[in-house]
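Several structures are given next for inspection.
Both of the next two complexes hold chain A, though its partner changes from chain B to chain C.
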Partner chain A sequence: MNPILLIARKESRELLGSGRGLAWLLALSAVLSVLGLLFVSNTELSLLDNAQVVTMELGTITALGALLAVVLGSDAIAGERERATLIPLLLSPARRTDIVLGKMGNQLVGWLVMYLIGLPYLWAVGSSGQNLAQACAYLALFGTPLVLGFGFLAQGLSSRAAAVRSALVPSLLALILLGGPVMLGPSFRQSAIGSWLDRVNPFAAAINSFDSVVIDSQSLSAQLARLAIVLIWLAATAAFARSSATSMNV
Partner chain B sequence: MRRRLLLVPVLLLCAAMSALAAEPLEITLAPDGANPASPQMGEHLQFGSVIRNTGGVSLHGIVAWISMVRMDPGQEQPMDLEDWSAHKAVTRATLAPDGAITVNWPMRLIQAGDFRVVISAVTRDSQRIVTSPFLDFHVRPKPVVESSRILPVAFGMPLLIGGLLAFRMRGRILRR
Partner chain C sequence: MDVDVDGLTLTLGGRPVLDGVSLHAQPGEIYGLLGPNGAGKSTTLSVITGLRRAASGQVSVVGHDPAREALALHREIGVLPERSGFYDWMDAPAYLAWFAQLYGRRLTGPEITAELAQVGLDGRNRRAIGTYSQGMRQRLGLARALLHRPRLLILDEPTNGLDPRGRREVHNLLLERSRQDGVGILLCTHLLDDVERLCTRIGILHQGRTVFEGALSELATASNEGESYRLHLRTEPPAVPLPPGVELLAWQGEWARIKLDGTRPPEDVWRGLLAARWPIAEIHQEAGGLETLYLRMTQKEEGPA
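And then the complex of A and B:
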């Protein structure tokens, strides 16, 4: 069997079959539930247009997916090192690039599960509004490279770190740096620094695309520049993860 | 005897007229010029009213408040303004003769339908209520989140994953 698939399958089984992995998914689902309940119980939020609510939900699912990817990515190599299983893994016939891609397979499964968990929530808030199908499609199109990019970044840091914590903290900081201003609202992005960050920030590119597709019903051609930013982010973080894995010390 | 009997309704009429005359408050109510022509749920409206003392003596302990009723056929009911407005009443200790209180009544449109607002006022010494003319408006609906769909998903998904988690943990305990 292909070593990439073998590693991905083993890791995914741990994510979906272990109590810890399911507890993570339960926590992420609980966050979406609380958000959904806020939408109907809070007077201000209950008056938001359907499309606005769907856009907020898309941003939240993406952020939670990125958080899951950061946690899984931080544990990918440093966790093996902490559990003293890294040497046996490196002694296996799998190349280091295979290990990186196999571990990413686990993150891809994690994101897929997160996506599937998010779909009922999207239906619940958006089925009486507009562009729900587009919302689901763009969540896959923009969310996948963005989330996997965060996974690659965390995995790259994990290869260089001695402990999971050492990889997790800078990965979370990167997530907060890129996702924080976007999630906090447009007023944070109107300053000179904010607008500059908005142009190069892959998180902002994804959120702005969700906004323009779901609320303004714009076409894919208007999103190509933003898609390019997200794909560049994925390529850059993948290269970082690969170079970190090839140069890592046991 | 017959003359006396005729005198009773005349006296009652005079008493009623004097009671009316003793209520020297006048209230106007008009929509703000900046209000949207066709308001939608979530938008804001503002109503202006002037409460004027048209009598010759000062009035004391004036309380004025806004009330609203829903007028959709079959759904007529008084509305609780809790979510609609934070400014639902004004009070003044004294209102001099020919004095006036100008009040703006802001309102957030929470629900779609046909509504009617009215301003009412009382003074401490009077036994009657004074009201403004009615003002009717229609609020257009807007597609918003429906709780009937949110609640099953919001409670169902964590329960489903929690159930799966409990099943896995039970299986692990039994294996031990």
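And then the complex of A and C:
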């Protein structure tokens, strides 16, 4: 079997079979459960329009997916280095690029699992609305490159970092910096800086697309510019992670 | 030559870590790489295995340049690093099977059991590696290094954490691989017992430099400062002054113990004693043991404090 697939498969087994991976998935499921419960039981949230609830759920799944990707990415190489498992891997016939690509494959599996975990919650809060199918499709279309981008960024930093923490902190910072403006009020987002940030920020591009499609029922053609931003983000972070193969020192 | 290293230099963090390392191991030979902590042994191994690039010097390992042909090299060498981690959530058979696939081998259940059995591990044991003792982890690391039938084994402290019986088993396994399969072994250790039992030739590193390379018997000659000898005499020695550089330590019956201060080659001393009519029948060198010789060799290089 190809070393990339071997490494990706091993990593995925660790995510789904080890106590650490399962604990993360359980924690993310718990957050989605609490949020879903709030949507139906909280007086103020239960008054929200169904489409708005679905959009919030999409944003939450995406943010949690990005968080999981950052954790997986930060641990990908630096974690192996800390646990002294990187050297045997580097001494195997697998190329450094194979290792990087295999780890990137695990990011994809991690997001896929997160996506599958999120689907029942989406159905629970949005089954009575109109745009559930579009919501699921757009979560895949925009959420995948956005989330993977965060994972690749963290993985690139992980290759260069001596410890997981050294990769995790800047990756989380990037997640907060890009995700934070989305949480800011409409007045800031309508200002010159806010508007510019919204245009170049991949996180904002994905969230705004969810908004436009689920709430305003806009078509895909209206989202192409935003899709381009998210894809550029993915390409840039993938190139960064790929180039980090040479920095994978012992 | 399995390992051909000349004039290796490497600076890390502005500090010269390797400053002229040279090693030459023949195919099928068990070569011991010795040196005190911080001498540069593990760094040398990292260059030899292609994990680091040297600043200068020539390196060839089983015919490959580690810096340029790392993948081809990794197919032909088995390495047990000093700090060898495992995927603790896996069990040993699953771990070996996964690693074998990286080398393009698909191991069957009985093959995995055999691979584990040769290092003294039970292939039916499905315990997670995380629960293994240090000795069991060391054995698993050895099984991983042997997995793809390498031409050369590079082992960094392979008997660390093993009890005396375990060490003996590992010694026997390495000797068997070397003698039966012609596998070359580069053994990096600070356990001189490992060296005495296994190695045909050794290299001693000290402060990033090779201070000795050769057979164990050559080490005794090279560090010949104050070597002591037991002389079997046919009769009593004559009452004449001893030649310069020779000190009589003890004399009992037919045996005399003398010490040479190393200023003259032993052969000259023997000729001098015979000329002085010493009735020498046999000469036995009192080897101080590898440990004594090794300490002397590294102290000599350190110079006065």
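Things to note:
The criterion applied here is as follows: the second predicted complex is superposed on the first by the 243 of 250 C-alpha atoms of A that agree within 3 Å, B and C clash if a C-alpha of one lies under 4 Å from a C-alpha of the other, contacts with A are read in each partner's own complex, and residues count from 1 in each chain.
The definition used in the following text is that contacts are C-beta pairs under 8 Å (C-beta built on N, C-alpha and C of every residue); 3 or more make two chains touch, one makes a residue touch a chain.
Values in this document were obtained by computation on a predicted structure and should not be read as measured data.
In the superposed model, A:Gly19 lies in contact with both chain B and chain C.
When the two complexes are overlaid on their common chain A, residue A:Asp49 makes contact with chain B while staying clear of chain C.
By the touch criterion defined above, A:Ser128 lies against chain B but remains apart from chain C after alignment on the C-alpha atoms of chain A.
Contacts of A:Arg165 after superposition on the shared chain: neither chain B nor chain C is touched.
When both complexes are overlaid on chain A, the residue A:Leu91 reaches chain C alone and has no touch with chain B.
With both structures placed on the common chain, the touch criterion links A:Arg199 to neither chain B nor chain C.
Set side by side, chain B and chain C differ in how many residues of chain A they touch, and the one touching more is B. Residues 17-19 of chain A contact both chain B in one complex and chain C in the other.
Those residues of chain A whose C-beta lies close enough to touch chain C in the complex are 1, 3, 6, 10, 14, 17-20, 80, 83-88, 90-95, 249-250.
The residues of chain A lying in touch with chain B in their complex are 17-19, 22-23, 25-26, 29-30, 32-34, 36-37, 39-40, 43, 45-50, 53, 117, 120-121, 123-125, 127-130. Contact residues of chain C toward chain A in the complex are 46, 49, 51-52, 71, 74-75, 77, 79, 81, 83-89, 98-99, 101-104, 141, 144. Residues of chain B touching chain A in their complex: 41-42, 83, 108, 110, 142-147, 149-158, 161-162, 164-165, 168-169, 172.
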